[in-house]
Amino acid sequence: MNALTSMMLLPLLGSLLIAVIPNDQVLRIKQAALGTTLLIAISGVMAWFKFDAGNTSLQFVQISQWIPSFGINYAVGVDGLALVLILMSVLLAPIVVLAGWNESEGGRWSVKVFYILILVLETMMIGVFAATDIFLFYVFFEAMLIPVYFLIGGFGSGERAAAAVKFLLYSLFGGLLMLASIIGLYVIAGKHGGHTFDVGQLSELHKFMSPTTQNLLFLGFFIAFAIKAPVWPLHTWLPDAAAAATPGTSVLLLGVLDKVGTFGMIRFCLALFPDASKTFTPIILVLAVISIVYGAFLAIGARDIKRLIAYTSISHFGFITMGIFAMTSQGHSGATLYMFNHGFSTAALFLVAGWMISRRGSSTISDFGGLQRVTPVMAWSFFIAGMSSLALPGLSSFVSEFLVLVGTYTRYPVAAVIATFGIVLAALYILIPVQKALHGPTTPGNENLTDLNLREKIAIAPVIAVIVALGFYPAPLLNVINPASAHVIASQGFTDPVPSESAGK
Amino acid sequence: MTTSTSLVYLIALPLLGATVLLLAGRRSDKWGHLLATALSASSFGVGLYQLSQMLARPTEERAVTQKLFSWINVGTFNVDAGLLLDQLSICFVLLITGVGTLIHIYSISYMSHDENRRRFFAYLNLFIAAMLLLVLGDSYLNLYVGWEGVGLASYLLIGFWNQKPAYATASKKAFVMNRVGDMGLSFAIMIAFATLGTVSFSGVEEASHTASKAALTAIGIMLLVAATGKSAQFPLQAWLGDAMAGPTPVSALIHAATMVTAGVYLIVRSNFIFDAAPTAQLLVVIVGAITLTFGALVGTAKDDIKKALAASTMSQIGYMILGAGLGPAGYAFAIMHLLTHGFFKAGMFLGAGSVMHGMNDQVDMRRYGALRKFMPITFATFGLGYLAIIGVPPFAGFYSKDAIIETAFNAGGVKGILLGSTALLGAAITAFYMTRVMVLTFTSKQRWEDNQHPHESPLLMWAPMAILAVGSVTTGFLFTRGDALVHWLSPVVGEHAEGENLLLQPIVVSGLALLAVAIGVAIAIMKYQLSEVDAIAPHDVSVFTRIARKDLLQDSFNEAVFMRPGQALTSLLVKGDQNVVDGAVRGIGRTALGAGSVLRKTQTGFARSYAALILIGAIVLIAGIWVVTQ
Amino acid sequence: MEFTAPVLNYAQLAPILIVLGGALIGVLIEAFAPRASRHSSQLFITIASLVAAFAALVRVRNQASVDAAMGSVAFDGAGVLLQGSILIIALLSVFLIADQENFTALAAAVPGSSEERESLQRDLRVTEVYPLTLFAVAGMLLFPLSSDLITLFVALEMLSLPLYLMAGLSRRRRLMSQESALKYFLLGAFSSAFFLFGVAYLYGYSASITFAGIQSSVIGGSGNDVFLLLGIAFISVGLLFKVGAVPFHAWSPDVYQGAPTAVTGFMAAATKVAAFGAILRIYYVAFANAQWQWRPALILIAIVTMVFGSVVAIAQRDVKRMLAYSSIAHAGFLLAGVIALSKSGLDASLFYLFAYGIATVGAFGVVTLVRDSAGEVTDLNRWSGLGKRSPLVASVFAFFLLAFAGIPLTSGFIGKFSIFSAAYESGSTWILISGVLSSAIAAFFYIRVIVLMFFKDPVEDGTSVVIPSALTLTTIVVTSAITLLLGVFPAPLITFIESSAFFIR
Amino acid sequence: MLTIQTPEAVMFWFLAPLSVVAALGMLLVKKAVHSALLLAWVMITLAIFYIAQDALFLGIVQIVVYTGAVMMLFLFILMLVGVDASDSLTETIPGLRPIAITAALGFGGLLVSLIGRATLGHSAYGLTAANTDGNVQALAKLLFSTYVWPFEVVSALLITAALGAMVLAHHQRTTERPTQREQAIARFRGASLGSAAGLPNPGVFARHNAVDVPALLPDGSAAPNSISATLKARGDMLDSAQFELGEVDNTVTEEK
Amino acid sequence: MNPYNYLYVSGLLFTIGAVGVVVRRNAIVVFMCVELMLNAANLTLVTFSRINGTLDGQVVAFFTMVVAACEVVVGLAIIVTIYRSRRSASIDDASLLKR
C-alpha cells in the first residue's frame, strides 16, 4: 500500500483498537496509543529514507477517484516540504502521548476518548500535508478542527470551552473563506480544461485569471492560512487556545496544526497565485514583521506561561511567513526548516511547561521560582527549550531563523532589519520566565516539586536531541528541503538576488 | 592552504567535558572538576602542538584549516562547519586554553565548598569550547555560533548563584545586552551575504578588494556594534559591572581575559573590512577612546574590588579597540595589549578572588586594608599585575599600552592628538584608580572587623596567580622583542609601513606616559595611603563621584530610554491585544449576536404582522422585478 | 364536439397513487377498525404504502414522459430523484411519528379539560395522523412533478392542509401547538391566495397554464411582460413562503416550535424537498428564459435569507426555533441552486435537498429524545451537559449540527460545496461571498449548542434522554449513517444524480 | 373578436363600485357577521361578473357553492363563536396600522398602475368560440380530459379536509354509553337513594322557581344538584342562601 | 368597455383582502379576507379566460373553488378548536410563540 495512505490508516486502526479496549483498562489504552504512534513514527522515518531528495516531483503518489463528477480525487504525494512536516508530525505524536501520559485523565471524558481523538487527529495531520488534491486538503484542513476542538474543550483547563469555541470559529471562518476561493478555482478550472482539484494542474490556471480574481482568490486562501499560522492581527485565538489546552494538545496545535497555515502559503498561495502573491508580498511582509515584534512584546508581557509560549509562536510564525514571502531560496528553506524546528522547540517548551504546571498546579509564571535547585532536570529541559526558542546558535532554530533573516535581507532588507530586533526581544521573553521560574530563591510552594521521572525524561530526551543535533547538522533536512524550495522559487519566476558587490561582477 | 584534522579536538575536548558533566549530573560530582581541568589542559596541549606545527611551517603556510562538514547549504548561502587556525587565532587559543586551565585549577580550590562545583566546571568547559569556536571559526557565521556560545556560558556563569535575584538579573542583563550586540553581528553577516555573496573570512577578504566602500562601511559599523556588545564598549558597556555577580574565577577568565576581548578579535579579524572603510574605522577609535575614559572614570569611584577591576577591564579593552581602530599600525598592538591584559587582569582578578576568599567574600575595599601582611603571596602577585596595568616598565602593560598610545599619537593630524591625549589621560587615571585599589586593599590601615580572619589562599589558588604574575611581568618584553608579535601577526593583519614623520618619537611618548602614571599614582597615594579612609562610603561627595559611582548614569540612561518605554510599550500592547485586536474580534461576535437579538424582534408572535411582512415582501418583489426589467 | 378519453400512465403515477391508496385505506381503518388495532394497522399501512411507492418508483426510474397525466405531470429524472428523496424522508419521519408520545390523545378535547385527562388515561391515539401524513406525502410527491399550474396549486394545497392539521396535534403545550396550526393555516392560505393570483396572471400572460405553454410564450416574447412579472412575483411569494425564504419566513419558527417535533421534522425536511423541487421545475422550465426578470430579485432574497436566518439563529434559546432559523438559512443556500439555473445547479440542489432533508429528520429525531416529566425539553439551556448525560445522543446531534454547518466529512459539506460552486459558475459571486459569510455566522450557533452539550455541566432539573423506541432509533441511525456516508463517499449518489437529473419540457 | 355590449358596461359600472365598497366595508365594520354578509354580497356580484363574462357555470357555482355553502359555513361558525362578537378596530400592535395603510396603498397602487401598463399582444378574444357547445359542456370536456388528473387529485383534498375536520372536532367516546339497565342499577345502588327518583327540580319549594336558583330541601337548605351542571360550570348559579327562608313559618293557617 | 376593467376590480379586491388579513383581528374575518383574495383571483382568471378565449382559466377558477372549500373546512375546524381552547377567536391572542 502507498506509504502515505498506510500512515494515515494506521492511526485509524489504532483508534479502533483503543475503542474496543474496556474503559477501565487505562494503562492498556495508553500503551495502545503509544504503540500506534510509535509505529507510525517508524513508518514515517522509513518513508523518509525511501524518499529521493534529488527528485523535485511528488513522491509516494497515489491517486484514486473519489468524487469523479467534481474531478475530486483522493490524491496524496509528498515533496520535500510536505515530507519534512509529516515527519515532524509523526515524530511528535508519540512524544506527546508519552509526555502527556496523565493528561488524558481528569478530563471531561474518558481516557479512551482522548486517545481516539489524538489518533484521529494524527490521521488528519498526515493527510493535510500529504494531500495534493485541494479538495482533499480542505477536507482534512477542516475536519482536523473537530478533534482539536474536543481535545481543548474536553481535556483542557481554565476557560477551555470559550477557548475551544474561539479556536473553532476562527478556523472555520478562515476555512470558509478558503472554501470560497476553492470554489472559485474549481469554477475557473471548469472553464479552462475541465474540473480538477489537482494542485499541479491548478497551478497553471492563474494564466486565465484576471488580476482581481486572482487577488480575491489568493486572499481567501491567505486569510485562512494567516488565521491558522497565526499572523497578526488574526492571532488572538492562539493564546487562549494554547492556555486552555493540555500541553500535549498545545504541542500538536502549535507545533503541527499551525504549520498547515505556513505550509498552505507555500503549497497553495504561492503555487496557485504567483501574481497575486507578488502583489500582496509587501503587505504580508509588513504583517509578518509586525507579528514578529508584536508577538515578542506580548510574550514579554505575558504572565501565564502557556500564553507566553503561544505568543512566542506568533513571533516565530512571523519569521516563517516572512521567509516564505521573501522569495529567496534561503528564506524559503529557512522557513521550511523553521517549521520543523519550531515544532520541536515548542514541543519541548510546552511539555516541560506542562510538567511544571501540573506539579505546581498553576500556570502563572510568578508562582514558580528557584526550580533550578529543586528540579534541575526539568529546569534544564525548560532552559534548553527556551534557548532553542530564542534561536541560540548551535541549536536547530538558529539555523532556520538565520536563513530566514539572510534570505529576506537579500531582497527586503528593511523587513529583515526590523525582524532582527526580534532576536533581542526573544532574549527577553525567554530569559524573563527563566529568571522568574528557574532562578532566584525557591519560593514557597515549590520546595517539594519532584523532578522529571523516567518516562518524562524519555519523552523529552529525543526532542532535545533533535534540537541539538539539527543545530549542528541540519543537512539531512536541508538536503530534502532545498530542492523543494528551489522548485517553488523557480516556479514563481524568482531567482536569488545576486550579491550586489560580488567579486565576479 | 594547509589542512589539518586535529583542530576540532581543541573544541571537542572541552565540549566533551561540558557534555559529560552536565549529563552525568551528580554522579560526576567527585571527579567532574578534575576531568574538566584535564580536558582544558589537554586542549591547551593540542594548542601547543598546533603552535609547534605552525612554527615548523614557512610563514605563508602557517594558517591551517579544517572542514568538518557542510553546515548550512542553501542556494548560494554555503557555510561549512570549518575551522581556521592562523597566527591570530593561535594567540587566542593559547590564551584561552592556557589562562583557562589555570583558572580551572584555581577554581578547584576556590569553588571547593560549593555544592555545585561540578556544574561550574561544566560551564567553564562549555565556555572554553565556545570561545575556541569563536576564534577558530573560519566564517562569520561560525564565529557567530561561538560568539553566542560564550554569551550563553557567560550568562550561565554570571548567574551561577542565581538564587540571589540580583545575580539572576545581572546574568539576564548581560545576555540581553550581548544580544543587542549580536544583532549587529547578524546585520553584518546579512549585509555581507547580500552584498558580497559570502560570509567566510577568506571570501569576504577577497571580495572586499572590489567591494564598494558603502557596503564595507555598513558591515564594519555593524561589526563594531557587535564588538561593543561583547566587549562592553560604549554604549553597550552597562552589563559588565553587573557581570561581577559571577564567581571570581569567571570574572577573571571571561570578563577580563578572554570573552570580553572577543570584540577586539572580531575587529582585528575583519581588518580587511576596516582598512577599506575609514568611516567605520573612525567610529572604532571613537568608541575605544570614549570607553577607555569612561571605564577609567568609573573605576575611580568604585568601592567594590571586582567592580573596580571590571571598570578597569572596560577601560583597557577601550585601549585595545582604540588600537584596533588605528589600522594596520595598531592591530598587533591591540592584540598584544589583549594578551598582556589577559595575564595581568586575570591575575588581578584571581588575586581579588583570593582576597575575598580570605575575607569571607567581602568585596568592599573600604572594609579591607593592610592585607599585605596576611596575604603576602596574593599581595605579590596582585602587585605585579598592578605594576603591569599601570604601565611601569618593564612590566607587560608598559609595552603594550605604550605602543597603543604612541600609535594613537601618530594616527595623524588632530585626530592623532586627540586620541593620543585621551589615551594618555586614561593612563593617568588608570594609575590613579589601580593605585587606589592597591592601597585600599593591601597597604592602607586595617578597616575590617576583628572577627575577620584574613588568611592566605591554598596552593591550588596561588599557584595559578603566580604563573599569571610571571606572565604579567614577562610577556610584554617577549612580544616586543624584535617586534615578534607584530611580525607574527602581519600575515593576518597586514604589514604596517613605518611612518616617516612621526608626531612624537616613541621615547617621548613613553616619557609622557610615565609622567602621567606617576601623577596618577601620586594622587592616589596622597588620597588613600596618607589620609584616613572611611570604612563606609561617605555620602557627602562631589556630584562627579556620585555619578561615577552610578557608572556615569549608564543604567539610569538605559532605564529611562529603553527599559521604561519598553515596559510601557509592552503593557500597552498587552492591553491593546486584549481590547483592540481581540476586542475587535469579540466585537464582531457581539455585533452578530446583537443583530440577531434585534432582528428576532421582528418575530412578534402576531400572525398579522407576519402577514404584513409577506405583503411588504410581495410589494418589494414586484417593485424589484419591475425596476430590474425596466 | 369530440371527447377523447384521457390516458393516464399509471406506472408513472403509481407512487402517488399507492400513497393515496394507503391514505384511503387509512381513512377506512379509522372508520371501521376497532380502536385497539388502529395504531398498528395504520402504521403498517403507512410504511407499506411508502415502501411500495418507493418500489414502484424504482421500477419506472428510467422513464420520462410529459404525458404521464395528460400533460399535468412531467415524469423525468429530476422528478424521480425528488420523489425518491421525499419517500425516504417520509418513511424516516413516519418512524418518528409512530412514537405517539408526541401527539395529543384527543385533538377535540379542550386543553386542560377533564376530557383530555380522561383520554390521556385511556391512552387514546390520534391515529388519523397516518392517513394525514400519507395525504401530505402524496401532495409532496405530486408537487415537484406538476407541470401545469392547476396541478401545482392542487398539490400545494394537498401537501399543506394535512400539515396545518398535524401542526396542531401536539400532546404537550397544546395551546402553542394549536396556535402554530392557526398561524400556519392563516398565513398558508394567505400565501396560497398570492400564489393563485400569480397563476391568474401567468394564465393571462400566456393563455396557457402548462409550464411548456408559459415557456413558449416567454421565448416567443409575444405576451405582455407586466403580466409575466406579476405572475412570477405572486407565484414566487407562494412558493417562497413554503420554503421559508425571507421575508416570507415568519411562520416557520413559530410553527416549527409549536408543532409536534416529529411533524416538524417531517415538515422541515419533506416540504422543503417538495417545494424546492417545484421551484426548481417552474424556474428551470417555465421561467428559465425570463431569468433577466427574476434572477436579481431572487439573488437578493437568497442573500437576505441566508444572512437573516444565520444571524437570528444566534440569538435563539429554543432548539426547535434554532433549527427553524437554520432551515431558513438553508433555504437561502438552496435558492443559490435555483439561481444557478444550470445543470450543475440542479444536480447540486438535488443532492443538497436530500442530504439536508435526511439530516433534518435525524436532528429532530434526536430532539424528540430529550424530555422531562412534562414532555420534550427544547429549551437550550436545559440541554447543557447533555454530552455527559448521554454522550451518544449528544454526539449524534452534534454530528447533525456539523452537517448543517457544512463541516467536511458530512453530507452538508459536499452539498454546500456543490451548490455554491454551481451558483458561482453561473456568475453569482455575491451568492458565494454571502453564502460563505453566513455559513461562518451559522457555525457560531451550531457550535454554541455543541459547547452547551459537551462543555457545560448538566443542570439537575429532571431533563433526561429517553431510550429511543426501535423505530426512532432506526431513524436516527439511518439518518446519521447517510449523513456520514454522503460526506465520505458521495460519489455514487452524485454520479447518479448527474446522470439522471434533468427536467423534461 | 370581443365587443362589450353596453348593458354589460352599465352592469359593470353599477356593480363594480358596489362590490369594492362592500369589500371595503367588510374591512371596516366591527361585527364579524356584517363582514360575512358584505362578503356574501361581494361574492354575488362576482357571480354576476362571471356570468357576464361567459362563465355561466362558474357564476352558478359561485352562488350555490360559495355564497350558498361556504359563506353559510362561515356564518355558522360565527354563530358558534358568538354572533355578537365584535372587533374593536383600534390597532393593538404598535406600528402595524401605518404599515398596513402604506402597504395597502403601495400594493394597490402598484397593481393598478402595472395593470394599466399591461397590454396583451392581442385584443380580447371572447369565449364565443370556446363556448359553442355550451359553457358547461366545454368545461366538462376540459375537466374530464386534459385536467382529469388534478380533478382526481382534488378528491383526495376533499377527503383530507373531511378527515381533518373530524380529527379536530370529533369527540371520541371515552366510555361506552351505559345501557338503561346499567343506569337504573347505578341509580339504585348509589350511596344514597336520595336521587333514585330523579333529581329535584330547581325552584321547587323555593321563593323563586327560576332555573338558576337551587331548590330547597325540606329542611330549608339548598339542593345544589337541582341546578343544571352547565349553569354551574358557567357560574350562572345564584347563591341559594339569599333565597333561603330565614325562619320557617310553621303556623298552619287554614286554607280559605 | 374594456375587459381589463375587471382586472382593476379584482386587483382592488385582492388588495382589500390582503390588507384585511393584516388589519382584522377576528380569525374568522381574517379568513374571510383570504376568501376575498381567492375570489379576486378567480375574477382575474375568468376575465383572462375571456380575454384569451380559452376556458383553462375557468377550469382553474373551478378548482380554486373546490380547494377553497376544503381550506374553509380545515381552517374553520382549526379556528373552532382554538376558540374552544382559548375562548377567543382573536388571532392576536394566539401569540405565545414569538421571538
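For reference, chains read A, B, C, D and E in written order, and residue numbers begin at 1 within each chain.
FYI, a contact is a pair of C-beta atoms (placed from the backbone, for glycine too) under 8 Å apart; a residue touches a chain by one contact, two chains touch by 3 or more.
Treat the numbers as computed from the prediction; the structure is a model and nothing was measured.
Touch-path distance (fewest steps) from subunit B to subunit E is 1. Put simply, the chain farthest from subunit B by mean CA position is D. Centrality annotation: A (chain centre taken as mean Cα position, compared with the mean over all protein Cα atoms). In terms of C-beta pairs in contact, C-E outnumbers the other of C-E and B-C. Once the centre of each chain is set as its mean CA position, subunit D and subunit E turn out to be 16 Å apart.
Averaged Cα coordinates give subunit A a centre that lies 65 Å from the centre of subunit E. The centroid of the Cα atoms in subunit A and the matching centroid in subunit B are 36 Å apart. Annotation: 33 Å between the Cα-based centres of subunit C and subunit D. Residue positions of subunit E touching 2 or more other chains: 7, 14, 17-19, 21-25, 30-31, 42, 47, 49, 51-54, 56, 59, 63, 67, 70-71, 74, 77-79, 81, 91-92, 94-99.
Across the assembly, subunit B contributes residues 589, 600, 603-609, 611-612, 615-616, 618, 622, 626 that each touch 2 or more other chains. Of all residues in subunit A, those that touch two or more other chains are 169. Interfaces, counted as pairs of touching chains, are A-B, A-C, B-C, B-D, B-E, C-D, C-E, D-E.
Residue ranges on subunit B touching subunit D, taken from their complex, read 604, 606, 608-609, 612, 615-616, 618-619, 622-623, 626. Remark: subunit E residues 7, 10, 14, 17-18, 21, 27, 30-31, 34, 37-38, 40-42, 44-45, 47-49, 51-54, 56-57, 59-60, 63-64, 67, 70-71, 74-75, 77-79, 81-82, 84-86, 91, 94-99 touch subunit C in the complex.
On subunit C, the positions that touch subunit D within their shared complex are 1, 3-6, 8, 13, 20, 23-24, 27, 30, 69-73, 106-109, 115, 118-119, 122, 124, 126, 128, 131-132, 135, 138, 142, 148, 150-151, 154-155, 157-158, 161-162, 164-165, 168-169, 204, 222-224, 226-227, 229-230.
Put simply, subunit E touches subunit D in their complex at residues 1-9, 11-20, 22-26, 28-29, 31-33, 35-36, 39, 42-43, 46-47, 49-56, 58-59, 61-63, 65-74, 76-81, 83, 89-90, 92. Looking at the complex, you find that subunit D touches subunit B at residues 93, 96, 99-100, 103, 106-107, 110-111, 114.
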